[in-house]
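Here the chain labels run A, B, C and D in written order, and each chain numbers its own residues starting at 1.
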Amino acid sequence: MKELLWLIPFLPFAGAFILITTGSRLSKKMVPVIGAGSVGLSALVTLLIGYNFISTSSASFHFTAWQWIDIAGLSPAFAFHLDPLSLIFIFVITFVGFLIHIYSAEFMADDDGYARFFAYLNLFVCSMLILVLADNLVLLYFGWEGVGLCSYLLIGFWYTEEKNGYAARKAFIVTRVGDTAMAIGLFMLFQNFHTLNIQEIAAQAPQLWVTGSNTALIIALLLLGGAVGKSAQLPLQTWLPDAMAGPSPVSALIHAATMVTAGVYLIARTHVIFELAPIAMLVVGIIGAATLVIAGFAALTQFDLKRVLAYSTISQIGYMFLALGVGAWSAAIFHFMIHAFFKALLFLAAGAVIMALHHEHDMFKMGGLKKKLPVIYWTFLIGAASLAALPIVTAGFYSKDQILWLTLAGENGNIWFFLMALLGAFVTSIYTFRMLFLTFFGKEKTHVSHVPGRGMNIPLLVLAGLSTLAGFIELPHSFGHLTIFSDFLSPVLPAVKVQEDFESIEWMIQLIAAGVAISGVYVAQMFYVIKPELSDELKSSAADLHKFWFSGWGFDGLYNFLFVRPFVFLASINKNDIIDKFYDGLVALANLFNRIFSFTQSGILRWYIMGIVIGGILLLSLGLING
Amino acid sequence: MNEVQTVSGLLLAGILFVLGLVGVLIRRNIIFMLVSVEIMLNAAGLAFIVAGSKWAEPDGQVMFIFILTMAASEVSVGLALILQIYHQLKTLDGDAANKMRG
Amino acid sequence: MQITFYIAGAIAVLSTMMVITRFNIIHALLYLVVSFLALATVFFILGAPFAAALEIIIYAGAIVVLIIFVIMMLNLKAEAVDEEKRWLTPQVWIGPAILSIILLGELIYIISSMETTGSIAQMVDAKAVGKSLYGEYILGVELSGMLLMAGIVGAYHLGRQKKKVIHRFLEDVEE
Amino acid sequence: MTEPINPWLIIGGVLAGLLTVAPGLIWLERRLLALWQDRYGPNRAGPFGVLIVLADTIKLFFKEDWIPPFADKPVFVIAPAIVAITVLMSFVIVPFAPGVIVVDLNIGILFFLAMSSMGAYSIILGGWASNNKYALLGAMRGAAQLISYEVFMGLSLMGVVLITGSFSLQDIVMAQKDMWYVVPQFIGFVTFLIAGIAETHRLPFDIPEAESELIAGFHSEYSGMKFGLFFVGEYLGITLISAIVVCLFFGGWLGPDFLPPLLWFVIKTFAFIALFILLRASMPRPRYDQLMEFGWKILLPLTLLNLIVTAAIVLVRSGAELNFKF
């Protein structure tokens, strides 16, 4: 069965290839068949392989396609490695990706770049699959950059508008900062291990370094830089809200299944190194905690539906980082999976809403859509509940609760992390339901022009189901202690050690979390349903704070001041390119010679003969003088 | 009775060659240039004949015959070119045929 | 015999000088014929009668006639002579002439400083030339044949004039 | 062989003989033409009208020696001289009888060819110098015709040269003791005769001067003694070609002993002169392109074939081993 492993990334690639080469000639019906079909087939292959993998209870599948590079000891193969961690990732990528593809078939139907869109999507999925299946870090980096390229292409998909191109460039450049750090980290890894094979590194690292070694710390921090860039964490989070310029399915794909989770994957994949550098772990935790709170407050003030979701993504990834930081590896991955389901659901539903309202993004111009778009309302509600982690019925509750619990009870956990996470959960609950109330309740402000069809509803319903049910595979102690997920991951990711004296108070923490979530919903209802004037008052009384949060804590302004302006200034100084002057001189010199020599090419035969004669005389004279 | 010095023959060839060269250099008329080239070729042939005579070998004359055939074909092609040039440029000025100047 | 050689040589040089200085091209060609005849005499004296005969038959008889034929085809008028006069001004010929004189001086110096003590030996008749041609130089003969063939084909192709209109009723016919 | 005769004597004799023969031919031609065309011809002055030649000559001498003002004078004057000079020079190599030859050149035939190619200049230059469009047309035709026919004129002779192994006419005549070359070299003879007629631009190949089209062609502008020189040159040319044909193909002076060799030679030559005149009397003039086509497409391949076959036969008969060294 493992011989089929290569098919998983290859099928989306083949789809992309067909669409790129023949896309303009294909009929409108064939494009989604190829685009979604290739990913669907890939998902099917994933199911087969996954079933085979589990039923044979193998440790890992390995497949080498070909030797890629072989130079000076660096010999990465184009090889795929399947273990429980990557299995979960490819499962999420292919299935959520497939649902998003189906959704896109209807969503993008009127767009001119229909085939182009599916080609990019396929390539995106392919790159992400290569990333998670790579058996060495070089191939992983290849997929990593492929993901970056595709995100650039897709964010700037509607390239005729300048601000979309700007957003795409911003995403590309900001993530490039992280990628550079990661590349340096990879060089250092190679220098230390003389290999970039992940399994070999994982096996050798504990022998090479003692815990707390400086090299490990530096490498871990550099890798973290890459992860931070890709996953839009502090301080490189600024690109993600702008990335909403792309079509909604793209946002769904970026936020849920691919791209931003790549950072989580990278840290989980290289957890061996992080475990050897406790400081790095702490940094990961701090970054996660800070990000989740900051992004949460920023989300509170947004009025663009998709921007709220974008900040919520940053915030949720912050939870994952926090979990990684405290060593709760499987909790992070669990939250990743659940988050993929409900965030894809939310984005797709938001896309449907926006489409229904003539590409209206402003939540304050929406309202009263409960009746008009019932399917979307109910699915959005399920997604929102899951995001807000309403207790018991939602999957989000189980995953987030696990993180909350482990930030306190895990051996690396502390009370500050717990409090931050709790604050984040409260804010999450508020902005989530603020979004829901503003969009679906109240008076109808914009006329609904387009009711989504079956192609968009089915993915929504499937994702809604997953957002509810997927949580029950991992239940906390107080709910029957089901550990299917973490057991599955345990061969790859070590289980977290829980401090003994916290075991007894787990139910208390769950209660607090549930209370926080519900009180958040109540606050949202208070401000936006019962007394809407209250929110305006609050807004005017704390206008500066609102503005600060609205701009995402002023990070864009800060970076603009710190990096962009000086760089533009330098560029404007060097407009005439000082270094080029030397080469301009060379060009001028060549031009001069050209003019001189072309002057001799006068076309007048007698001059040529004259040249021959003079040459002859010179030769003869030389011969006479020397002879 | 044959007491002609080889040097005299070679000098004659040299003088004729230079005269042909002068002709090529100073005349603008392409027919004159062609004629002057013929003079130069002829002078070269003379040098061969002189050398052949010095050693009493036929090789000099053989070379002369080769030069002759070359001159004949050169003249035929050259005249055809002259006809075309005159046809297209309406002049025999060799300098006018510099249309491909860079 | 020696005096004949010098006379013929002098005629050749003089008539060649006349060739390159004439304004009327037919006159120049007549001098050229004289120069060739004088050279043929030189060849004869040098003991190469076969070459002498070929010089007259091919150079004087065929090549020059061909050139005159082409000149007659071009049908040059009296203006051509005036044009030549305009073209051949001192500032045009003085430079090349000086250069050539330098070259000539060098040639003369080189030739006269050579150790060429011998004088002309005996006559080499046509039979010897023919044996040499079709013996050791057979390859050269074949190459010459090819060269002549190429010359014929090239001259035919280049010299052909494309007729634009054959007849006013046949203007549409493309040649 | 007897004592060698003084070369100056021979030169004088040949010159005198030829200069007598040329005007005589004028009379002869007229008489013969008249005979074949069934009319009287010149028959008033002297016996059989012989003195008409004298009358003609006196008339030419006394005509105004006029040079057209638009003509290129030096060339105009030189042109008629060339034809007379080249033809007379060609007689240098003709053996009239054993020992009666001006110079026995070892490249005899080549010399004849060289001179005949020089003769082309008289037509070309005369036509060009006249500065007259008919004259120019005649000159161009003449140039093309002479160059073309010169090629196979030379080639047609080479068969004879091959068999004899010498360029010298004397050797060639001596080699015909047993058999005249007209038998083994019949094709050579025919092509040479045709080429010879063309070279002397006699009817039917008088394209350069075609009276009916070009008004006497290259010599339209000539009068007086200059025209006379062309005229004489033409008859000398006829004589020369006849003499060469006799030498090359009909045994030259060789003949039965009852007549002296010189007489044999003269008789044979006059027979060919008569043939020339007969051709003039009987043949129409071809068109210019027909003439060129006939030359290049029929005569040239024929002479080449003749040359190759002759060479092959000579090679086989000489018994040389056929291993070529390259």
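Quick note on the criterion: a contact is a pair of C-beta atoms (placed from the backbone, for glycine too) under 8 Å apart; a residue touches a chain by one contact, two chains touch by 3 or more.
Everything numeric in this text was worked out from a predicted model, so none of it was measured.
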What chains, if any, are shared contacts of subunit B and subunit D? C
More C-beta contacts across A-B or across A-C? A-B
Quick check for you: compute each chain's CA centroid and the global CA centroid, then name the chain with the smallest gap between them. B
Would you mind pulling out the distance in Å between where the CA atoms of subunit A average out and where those of subunit D do? 106
Measuring centre to centre with CA averages, how many angstrom lie between subunit A and subunit C? 86
Subunit C and subunit D: spacing of chain centres that average the CA atoms, whole Å: 27
Mind pulling the residue numbers of subunit A that touch at least two other chains? 606, 610, 613
Quick one: which residues in subunit C touch 2 or more of the other chains? 50, 54, 62, 66, 73, 96, 99-100, 103, 107
How would one label the connectivity among the chains shown: line, ring, star, complete, or other? other
State the interface residues of subunit D toward subunit C in the complex, per the touch definition above. 72, 74-75, 78, 105-107, 110-111, 113-114, 117-118, 120-121, 124-125, 128-129, 136, 139-140, 143-144, 146-147, 150, 154, 165, 167, 324-326
Which bits of subunit C are touching subunit D when the two form their complex? 24, 26-27, 30, 33, 40, 49-50, 52-54, 56-57, 60-62, 65-66, 68-69, 72-73, 75, 125-127, 135, 138-139
Can you check the complex and tell me which residues of subunit A touch subunit C? 606, 610, 613-614, 616-617, 620-621, 624
Touching subunit B in the complex: which residues of subunit A? 598, 601-606, 609-610, 613
Parts of subunit C lying in touch with subunit B, wherever the complex brings them together: 1-2, 5-6, 9, 12-13, 16-17, 19-20, 25, 28-29, 32, 35-36, 39, 42-43, 45-48, 50-51, 54-55, 58-59, 62-63, 66-67, 70-71, 73-74, 76, 80, 83-84, 87-88, 92-93, 96-97, 99-101, 103-104, 107-108, 111-112, 114, 116, 118-122, 124, 128-129, 131-133, 137, 140, 144, 147-148, 150-152, 154-159, 161
